[in-house]
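Okay, got some structures for you below.
Common to both upcoming complexes is subunit A, partnered first by subunit B, then by subunit C.
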Partner chain A sequence: MSTLSKETLILSILIQHLGEIVSGEEMAQRVGVSRVALHKRIDALKRQGVPIKSIPRKGYTLMEIPDLLIPPLFLTLLKSREMGRNYHFLEQTDSTNRVARELARQGAPEGTLTVAESQTRGRGRQGRSWFSPKGENLYFSLIIRPSISILEVPQITFLASVALTHVIRERLGLEALIKWPNDIYIRGKKVAGILVEMESQDAIPRFLVVGVGLNVNTPPGGFPPEISTRATSLMIEGGKGLLRAQILAWFMESLESWYQDLKKGHKEELLTYWRRYNYTLGRLVQLEDGREGWAVGITPQGSLLVRTLGGTLLSIGAGDVEVVE
Partner chain B sequence: MDIKDLLELVKELADLPVGELELEIDGVKLKLKKAGVQPVAERVETPAQSVATPSLQPVSPTQDGTPQFPPDAVVIRSPIVGTFYRAPSPESPPYVDIGDVVEKGQTLCIIEAMKIMNEIESEVRGEILDILAENAEPVEYGQPLFLVRPLS
Partner chain C sequence: MSTLSKETLILSILIQHLGEIVSGEEMAQRVGVSRVALHKRIDALKRQGVPIKSIPRKGYTLMEIPDLLIPPLFLTLLKSREMGRNYHFLEQTDSTNRVARELARQGAPEGTLTVAESQTRGRGRQGRSWFSPKGENLYFSLIIRPSISILEVPQITFLASVALTHVIRERLGLEALIKWPNDIYIRGKKVAGILVEMESQDAIPRFLVVGVGLNVNTPPGGFPPEISTRATSLMIEGGKGLLRAQILAWFMESLESWYQDLKKGHKEELLTYWRRYNYTLGRLVQLEDGREGWAVGITPQGSLLVRTLGGTLLSIGAGDVEVVE
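Up next, the complex of A and B:
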């Protein structure tokens, strides 16, 4: 849907030639602007924090990709066709889910992505807050408009958690696992949370907003004390800082590909991967009412089957469970 | 019924969009019990569609066992199995209270299932006559949540 902006083109050329000098003349020609206009665009990118160096009489160079989420950088890295193409970047907002819902109500298309550098009221289930410091992590919300019944919506939750886990495992080599229904854990600590909000009419979802908080570059010791024993980040687990825009672009690509499969009716594969990546099955869990039992399976609708210590089999479709061991 | 039949039955029940399903094993006797309000057989026979679609229905106060609702009220029902929340968070005031006048499209509550927050909107402008479910409690498919008296 989008034609890439001039700034996105400039940045993509500089990233293709990372560490090299690209002459102003060549770049102006490839982008289709005058040298003067090019200079203005380069200045605009510099003002957004991209460390482009101008080398007199030679051209421009970018030595490394900055960890920014500005549209030209994200769109340069994005390979998906639809997911993330309509990109809303905010320096700060109360909650990306709230913004995305507003956009969806105003008719924003499927794949519209709202991203913020920081959230003042990032939230999880039942209004619990989500740690959202500026510039460290990813906080974003994606609009999806699936043609499914409200009863099939849990598929979208699985879709998001499988796609994100896939990226963390395949692209970053970290042992991410899914805790039912859709939290992502690494080595027993939470690295990402997913919160889906839906507005529906007559049992048909008008739209879904898939909100994700992913801890990327929070350093060791960087979490507040109340969550420090339960939370982790990709940096803590992988030992190095990562480019958030790249991870987000990979996630959009991964999600799009799983979503295409789902639209073709390939539900089984998604569940197969969910089971493969799951962290809950086979473990002792505690229900919200305090009962404990073994997580023994999930139903095609996504409910968790728990066999209590008393031998009762429960199908848990709502609420949350805590993994005891 | 042998164990195979039983497992089949359990599987079928597990596939139904219900909140809880209980299987009790007591010696050789096997008893299936379902958490919630309706007997299993009744639930199985109910076509999912007819329960799922009308989240807003005129009240028919004739059926046995159904509460008698005022004839001019509309019942807002839960479109899914989940947890009923009257407020966006435990600290927030509820979306609506009895006696409130709500606009069409106004959020009445959230039903949560699997971390999917489903906002239930009022499909009429009207006065909240009653709230029929408890905050943070599980609700069944098609369970009445609100009684609304339409206002023009």
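Up next, the complex of A and C:
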């Protein structure tokens, strides 16, 4: 879906001229439709929640970009070449990862992005549920089809974590860090979780689904009591509401850029950033079996190296580690 | 399904007394059914193709074990504790791996075995078709759910290859060897292919499906011309027909035994056998990109080490290598 729809073109013109009035004649010409057809498209956008104002005898105007995830808005903001271009938007679903897996099994191309306004069965790692209310946050799943061995798949987890952390740090100026293996924390509280699923044949992935839950506009006091001390949102940390479609578009661009680098073999830079953004390394951690130790390093394969208090060096390939201090 | 069905009990008694006459009264008592019910079960077995003879006023007899894959026969022969116990037998299917994946997604336990008399869309690695006629050979898929990292999944491929090679060598006395990554060869011709599929979440497999196509009773001259110079069967190599259910049962037992060892951490023995049974190591090979080199080793992670003729050492994680000589 590389050709933009008429609605996407209309919205992109209105966003280019945000707060200005664009004449119906000019817009119809730029979009390549009749005035009547233009009016119908504008109405369709309004029905999707875009607050376009029709000003009689002058034209149309958009005063602010609404916080919606509808395709014409997201695709207007998206600057990537491939990631996110095939965009599946759902008002509600059980789990975007499940939808993405189904799409991938049916042959959906790399870069296919499934986004839902709300999830009824959002899942974090190890089957834990993920707080997924409507309208506040981002829940999405991206299909990628890398030509790698399954032994290199942990790099894709690094990639997603680094790309998301990079967006939060560079675009929003918030001190996001990566908790091994793939949660994003700000000031000690979880703001995002990443869940990478794979289907492989022999040692080759058929596809990966990178699922992300990112707390964007949950207001202070907006989390359920049982997670409120451990969870945060970009709004809570940054003090203002954000356009989810913009953050999602930035993430697609960031991920695409890191992915291109990885495909060229620039693995070391990814690991360097992963270490730089790391929350776990250097800390005292507790393993799932109760043992404690210092997180001292990470292997190129993606395992966490932990030196136990007894002096043994462990390579942790999967599973949780809790940061003790 | 650890309790055996009445039909399985009847068949196991008849096989214990192969060639002898077992009285109806004795059999009804041992199975725990009435004489009438026994007769019905015997009829059901006959309808499934088991050549049981009823001898008036004396009892029942089975002169030879038929080459069938029906549950009562397979489960009679099976000596494993878990592998193969949950047995799904299909006269025909598109692909046993596909059926097994579906069963696994629905929660089928470890050891669930799907077997088909014929496949309409049997697939080998990299999407190549697999010659799957009815009645001659074995096509089956086993679900396993190991508690490992995806980085250790290649070990499961080794496990399946070693277990199958072991059965062919130790039980049948044929010189089977493993061609990297997971084909089985006898005297330079392919007798079996193994296809391991996985679905994982983060670095942890949700399940693996070990799919096997094993040529058992294809007679000399029985392969299509296009593969006849490269394919062989156990019958061609050993000079006699074999009971497929027995071979399948032996494989389940062998695989279970190696799997138990692996779970106890005895990885080194598996690799030792994998190297011992290896067809590729030490040979001149050609990679998919056309480069040639000597297969000089294997990493604990399952990659093949190839020293190119130019002297570079390559670690091949996935894909085919052709043995040049």
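The rule is short, and it goes like this: the second predicted complex is superposed on the first by the 324 of 325 C-alpha atoms of A that agree within 3 Å, B and C clash if a C-alpha of one lies under 4 Å from a C-alpha of the other, contacts with A are read in each partner's own complex, and residues count from 1 in each chain.
Following the convention adopted for this analysis, a contact is a pair of C-beta atoms (placed from the backbone, for glycine too) under 8 Å apart; a residue touches a chain by one contact, two chains touch by 3 or more.
All of these numbers come straight from a predicted model, not from anything done at the bench.
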Given the touch rule stated above, what does A:300 touch, subunit B (first), subunit C (second), both, or neither? first
Between subunit B and subunit C, which makes contact with more of the residues in subunit A? B
Just subunit B (first), just subunit C (second), both, or neither: which does A:23 touch? neither
Please indicate which partner A:313 is in contact with in the superposed arrangement: first for subunit B, second for subunit C, both, or neither. first
In the overlay, answer first, second, both or neither for which of subunit B and subunit C A:229 touches. neither
Output check: A:198 vs subunit B and subunit C. Expected answer is one of first, second, both, neither. What do you get? both
Pick one for A:152: touches subunit B only (first), subunit C only (second), both, or neither. second
I'd like to check the shared interface: which positions of subunit A are touched by both subunit B and subunit C across the two complexes? 125-126, 149-151, 153-154, 157, 181-182, 195-203, 301-303, 317-319
Looking at the complex, which residues from subunit A come into contact with subunit B? 123, 125-128, 149-151, 153-154, 156-157, 181-182, 194-203, 208, 299-303, 305, 311-320
Per the touch rule above, subunit B residues touching subunit A in the complex are 10, 13-15, 17-25, 35, 48, 52-55, 79-83, 85, 87-92, 112-119, 121, 123, 138
Could you list, by residue number, the parts of subunit C that touch subunit A in their complex? 125-126, 148-154, 157, 181-182, 195-204, 301-303, 317-319
